[in-house]
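I'd like to ask some things about the structure below.
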Amino acid sequence: MCTTSETILNLDIMVPSQTRYLRLIGNIAEQLARDLDGEKSDREALAYHLNLVVTEAVTNAIQYGCANERKDKIRILLSIENSDLCVRVYDYGQGFDFEAVPTPDIDELSERGRGIFFIRSLMDHVEYRKTESGNVLEMKKRIT
Amino acid sequence: MCTTSETILNLDIMVPSQTRYLRLIGNIAEQLARDLDGEKSDREALAYHLNLVVTEAVTNAIQYGCANERKDKIRILLSIENSDLCVRVYDYGQGFDFEAVPTPDIDELSERGRGIFFIRSLMDHVEYRKTESGNVLEMKKRIT
Amino acid sequence: MKLVTEQRDGRTLLIVKEGRLDAHNSGELKDRILKLFEEGGRDLVVDLGDVQFIDSSGLGALLSGHKNAIQRSTGFALAGLQPRVKAMFELTRLQRVFEIYPGLREALDV
Amino acid sequence: MKLVTEQRDGRTLLIVKEGRLDAHNSGELKDRILKLFEEGGRDLVVDLGDVQFIDSSGLGALLSGHKNAIQRSTGFALAGLQPRVKAMFELTRLQRVFEIYPGLREALDV
């Protein structure tokens, strides 16, 4: 399903469920964005944004998604499909209602709750769903 | 087989069989080496070396390894297994006698023939073998 | 995590010597800021000049410092934000919450 | 691939404005060097100051230039090698084959 015939490139990453790997995963996503075709003017901004959304999603998978025997590893799929850069981050927790997560209220000055906001703001299409291989947060960004 | 119980981290990469992806793959390998545990003094040299051996192996897989219907994609596995950083590059060509590749003769000044030499010089263990999923050049470097 | 503390004209300076602030190290940053206040530090200036990347947990750690400073009726300022880091403050509208200076000199001149 | 050519005191200067030389762009570098000689360029100096990474095909492209210069009885020098790039010349013993200068100034002063 994730590797369709239009998949140009696929990185299937499995790392320990530990925050020390955030940098590596984020940097790989950044590298991928940077090495895309064409000379999009905001390539460097896209690279940062990809690093950020992957970092936020993996942080959540580590914090909320450890519910069964597979909990010691996190799976991240990065791919280019048609003209989308796709990120899929799996978690094996109870899941949550993605659509119900509120936009952060600036007056509250809460220290948390800006991860999903970043993901929604910076990606073109975001979806959270349950699959046979765990819950997956799927994020897409058009790159052409 | 590649993902044993001692595998700490696994990157399974599939890219088009085109040299323009060498930079991306090399940079990912470099990133992995850079983000390893511990404060090995020659971390930056290791990062360069990893980038180089992956680049050389993928170049060969592109140049010599395109023999059947899977020829449009190259598979690269990067992993940390026990205390080894492992690189596996698959090709789907006729294969070759790895042990028979000679050390480059400096007096000949040949423009070619230094890729396998770099791989042998910079990695601790190198092996080329035929498997069910194609030929694989397996390279290991101890990281502790 | 590399954090350097200095005293300058009665102000406490915290220099973040990391390229990246994420959930792996933002807890430590938050704790260090709180500790500086607990130890009597006043008018904290956090130098983020080396930080190339910040995520929501990094913003959270800084917000914790900001709120703590308000409680203690003292100052809390940020200096040296890289353009892409600054963009994250803007996206979350936090640039209006924090006292932000282009560089250390401007922050200390106040 | 970004390659800049300049003439300086009757010598031809080729500045490689790429961070990386690998099988994706070394063919172009090789062709450009040959073309410079064909167009009458003499005593070529290749500035590698921007190159952070070189692989065996990059070394091969430079060797091609070196051999071509010998055939034409003219000079071929390299300048500005980064430490890690230089290490690749040393590993393959090619530092003894090429005329290598620390920087452009030293190469042009000869």
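Chains here go by letter, A, B, C and D, matching the order in which they are written, and residues are numbered from 1 within each.
What we mean here is this: a contact is a pair of C-beta atoms (placed from the backbone, for glycine too) under 8 Å apart; a residue touches a chain by one contact, two chains touch by 3 or more.
Here the structure is a predicted model, which means the values were calculated and not measured.
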Chains touching both chain B and chain C: A
Leaving out chain B, the still-touching groups: A, C | D
Chain A and chain B: spacing of chain centres that average the CA atoms, whole Å: 27
Chain A and chain D: spacing of chain centres that average the CA atoms, whole Å: 42
Touching two or more other chains - residue numbers and ranges from chain B: 23
Touching two or more other chains - residues of chain C: none
Pairs of chains found to touch, sorted by chain label: A-B, A-C, B-D
Residues on chain A engaged by chain C in the complex (per definition of touch): 19-20, 22-23, 26, 44-45, 48, 51-52, 55-56, 59, 62-63, 104, 106, 109-115, 117-118, 121
Chain C residues touching chain A - in the complex, by the definition given at the top: 20, 22-24, 53, 55-57, 59-61, 63-64, 66-67, 84, 87-88, 91-94, 96-97
Chain A to chain B touching residues, read off their complex: 3, 7-16, 21, 23-24, 27-28, 31-32, 35
